[in-house]
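Structure below; questions to follow.
Chains: A, B, C and D, in written order; residue numbering restarts at 1 for each.
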Amino acid sequence: MTTAVFWVLALLAAASGFMVFRFNSMARVTISLMVSFLASGGLLVLLGLGYLGVVVILMMVMEMVIMAVFMIAYMMNPAGLMPMAMFHNKRGSLAIAVVTFALLAAGIFLTPWPHRSGAPPRDATRQLGTALMGSQMLTMITLGFTLLATMVGAVVLATQRGRYDRFGDDLKRRPPSDPVRGGVGR
Amino acid sequence: MDLTGALLRAGAARPHVLTVTAPGATVVRLAAEDQLRRRGWPAAMTPAGADILLVAGEAAGLLAEAVEAAWQAMPAPRARAVAARPDEVAAALEAARARLGDRAVQQASAADTASRGDQGQRAPEGHEGGDHGHEHGVGDHGHEMSDEHGHGASGGHGGHGHGHGEHGHGMGGMDMPGGLPMADRGDDRDGLRLDQLHLPLGPVLPDWPAGLVLRVTLQGDVIQHAEPEILGGGSGSFWDEPWRRAADGERVTTAEAARRAAAAYLDSLGRFLAVAGWDAVAAAARRLRDEALAGAPSGPLRRDARRLARRVARSRVLAWLTGGLGVLTAAEAATAGVAGPAVRAAGDVTARYRRWCADLEAAVAVLDDASLLGPGGPGPPRGPAGDDGAPSAGLVAMLPRLLAGAELAGARLIIASLDPDLDQLPAGVEAAHGH
Amino acid sequence: MTLQLFLLLAAGLFAIGLYGALSQQSIVMIMMGLELMLNGVTVGAGAFWHYLAPASASGQVILVAVVVAMSVEMAIGFAVVTAIFRAREVDMTDMAADLKR
Amino acid sequence: MVTSAPLWSVLVVPVILAGFAAIAVLADALLAVRAAGRPARLAAAGPVAETARLLVGQRRVTLASDALLWRLGVLTVPAAGMLAALVIPFGTVTASRMSVGVVWFNAMEVLTWAALWMAGWGANAALSLVGGYRYVAQGLAYELPLMLALISAATGAQSLNVADIVAAQSHLWFAVWMPAAFLVYLAGVYGFSFLGPFAYPAGTDLASGVLAEVSGVDRLVIEAGRWLLLAAGAGMAVPLFLGGGTGPLLPPWAWSAIKTLAVLAVLTWARRRLPVLRADRYAELAWVVLIPLSVVQALVPALVDLTR
């Protein structure tokens, strides 16, 4: 049963991952990547990582839908109605990718993997939580700050308007001039 | 067992009706809406969701083409009804329903829609080309076609999604899949030059002023440019009738005028609330309107209208949602030749619908006044009408300025809060530009 | 179901992503490739945790880090694309390759 | 104590869920008939006729549509509701006693993001597409407060397992001492079922937006999906905030049913009381007011846990 599920999910993950670079339509590309992530999430659940697997599914659905918005906004031919190739150095990339895969595969089968040390915990989620709030606290803090920096950085990079645009040169304009008024009226 | 036939008949018990109102046919529309409410038949929003296409009044010219396009876009089972006069509505609807439940008629209809290359049951996967000009969203039926017909099979048909706009002409030589043109990019307020979409809104659109087409240029759902087009005026508005008769020297009582004014405000409020997505209250307003026009006793009518007006005017959520949209100062409105509530409100969408509510309360207060209509009585619901189409012509003329920069949802609210009545425009202004 | 099979899948996803990231011209498509590579890393980290050291939380922590990296990559990536697009109206790497000259 | 039912119960969950959804649809039809001033005995005829006409209706096919994504999107709406319902305990049994039930519910509900976006995109019609995008904007507004509300309940029980959350409410319902989380959760239920004040993606101003070009069986599937999602949301509110199947006298399954119906009744009634909240207004409210509020709300059970 689990083996069958594994094969289905593994093939789905690989095939939809492959289709990401075959579809013309940006919508299908994004949804295809999403399906690949959903399959990986399922595989993580299969490995006993219920929490992380479901979180990957949850996050990737949201992320891919938002990604689709950007893909379609910025691509010239979002619906792929006019097939066009946008590649550079296709053969070189293919060669690099194939060689990488071959090396990795060789490594996978040649490495004498150690035996499993210890048994899986009764509750993998608790294990993760205890680690992040205990021994791995530093990692958690770093990740937290990274995310905060990302939020600030992404907004600064993407936005065009600042507070001087909204509140005027002396920052005294009330209400601020916005193209569309928000719901709170800051 | 004739399962299909049984389902057809069961479904035909409650068909969804898409009403298209021709210029000058407000009376027919009101009769149709009254009929639908009594029968409990829902109003369809789009051709795809409709079983019966009801044409109220006589559609001619561009509107006739739009009606035909909407009909082509309707999936079977479907039936068509035409009512030129209010008393024809009931019979037309009944006949349409009979056809809707008739298996033989519907199978022919289904075969007909299936035979049209791009409209069949079998969905061609991906990008099937076709040369029909009617495969778009509701907003754009037919109108684009009329411009493009000279282009042959793969002319641009406007209004496609996927970030594609169309530029009307000039893609004759390009072989685009499905006959779809590529989008052009345009400037936008956020500094990102993204694809523009040229989309006609109307005339087949629910809760939309009859006979108005608004050609908008969108980036995302932000309107960058809007140009109104008028599919023809009426011969005087139904809502102005008592005042018109009074001006002609007839005896018109204050009560009669007040009743008409109240019904007009309720009609406008109903449309506005439907656009705002407050369906329950919109339905209540329309029900009251129908009762007012049917001559319901003034006591309960006054009570219910007051209750409704207060409920709407006091709703904080609605005011929060509409505040700051479409601000129109009194001076601007006066220069554009607008009078009536839009000027007296002198403010945003919130101010305008609250003005309607106040005017509605004032109108129902004199429902029993049997004196002759004088200058102190209730005025026409949109302000005094002029020969040049005032005040609705002015309202339409202001749309381009008010709508530029608004989002689609905001734009619909702004239009609904102005509620131009194109029947006030002189007849025969076919395809006149609003500015 | 063995460690090798999971790692092979991870390597496959990684290689497909690498191919995409190297061959695509459009920045958003390159980001798709990067995401797919990270997807491979996720599967690999999960497999290592399960088959090698389930008693330690390190595998899971790596997974969390990878998931965070994916969201950071996407957020910053699209912010950069937006900034480039605003300035130059391009979304192609070849057209934004000033540093080459 | 909530126990896990055998595997076949996975097939029973959609049936029960559909039953609750059907009751909600009938109640809604009754309210609509009453508001229109027509006799109440006609209420049941509406949904029946509606189902019949959609079953025989032709599918609409539009030019250059992306039929694959369109159908996938339409089908995902009810599928999301049914999958989300798998972790909801009914009385003392649950189809899946998953240790991360709360996260599962959240993830399955988020599938509607992709579903509606695909449904809006696939039709290749402008208003439909705008509707699909609207759902993304609305999702960004309702989702984070909803997640924090779920986290509040999970923190209160110190578990992501729905059964543990029920057990933690044996003395006091979470709705009582986490009212903000409960209200935010209910708003989120409207949000993911895009009904009532959150019908923005299918708004009248867009001529029903994401539903504009959907007809026939597709329309039936997506409309049913909305109500299934609403029923799933109402069902999940019971174990999360209303103490699950606990209650005096009656058996647990009866309490689950009564509480679910009560939440459904409130949601069905309240949806007629408000206009549609546009995302441009609601998003700022959500981010500036509701998210901080939900964070503070989530801190309350965290502090309570620490002092225990």
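What we mean here is this: contacts are C-beta pairs under 8 Å (C-beta built on N, C-alpha and C of every residue); 3 or more make two chains touch, one makes a residue touch a chain.
The structure displayed is predicted, hence computed values, not measured ones.
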{"item": "Chain whose averaged C-alpha position falls nearest the assembly-wide average", "value": "D"}
{"item": "Longest centre-to-centre distance from subunit A, chain (CA-based)", "value": "B"}
{"item": "Chain pair, A-D or A-B, that carries the greater number of C-beta contacts", "value": "A-D"}
{"item": "Inter-centroid spacing, subunit D versus subunit C (mean Cα positions, whole Å)", "value": "33"}
{"item": "CA centroid of subunit A to CA centroid of subunit D, Å", "value": "26"}
{"item": "Whole-Å gap separating subunit A and subunit B, where each centre is the average of the chain's CA atoms", "value": "43"}
{"item": "Whole-Å gap separating subunit B and subunit C, where each centre is the average of the chain's CA atoms", "value": "49"}
{"item": "Set of subunit A residues in contact with two or more other chains", "value": "27, 55, 66, 74, 79, 81, 160, 180-181, 183"}
{"item": "Set of subunit D residues in contact with two or more other chains", "value": "64, 66, 68, 121, 124, 133, 280-281"}
{"item": "Multi-chain contact sites of subunit C, meaning residues that touch two or more partners", "value": "82, 85-86"}
{"item": "Interchain pairs in contact, sorted by label", "value": "A-B, A-C, A-D, B-C, B-D"}
{"item": "Residue numbers on subunit A that touch subunit B, as the complex places them", "value": "27, 72-74, 77-79, 81-82, 160, 179-181, 183"}
{"item": "Of subunit D, residues touching subunit A in the complex", "value": "64, 66, 68-69, 72, 98-100, 103-104, 106-107, 110-111, 113-114, 117-118, 121-122, 124, 133, 136, 139-140, 143, 160, 280-285, 288-289"}
{"item": "Sites on subunit D touched by subunit B in the complex", "value": "32-33, 35-38, 42, 45-46, 48-50, 52-68, 71, 121, 123-130, 133-134, 197, 199-200, 203-208, 211-216, 219, 272-278, 280-281"}
{"item": "Residues of subunit B defined as touching subunit D within the complex", "value": "4, 6-8, 10-16, 37-38, 40, 45-46, 48-49, 51, 73, 75-77, 110, 113-114, 118-121, 123-130, 132, 135-140, 157, 159-162, 177-180, 197, 199, 205-207, 218, 220-221, 273-280, 283-284, 287, 315, 317-318, 320-321, 407-410, 412-413"}
{"item": "In the complex, subunit A residues that touch subunit C", "value": "2-3, 6, 10, 13-14, 17-18, 20-21, 26, 29-30, 33, 36-37, 40, 43-44, 46-49, 52-53, 55-56, 59, 63, 66-67, 70-71, 74-76, 86-90, 92-94, 96-98, 100-101, 104-105, 108-109, 113-114, 116-121, 124, 127-128, 130-132, 135-136, 139, 143, 146-147, 150-151, 153-158, 160"}
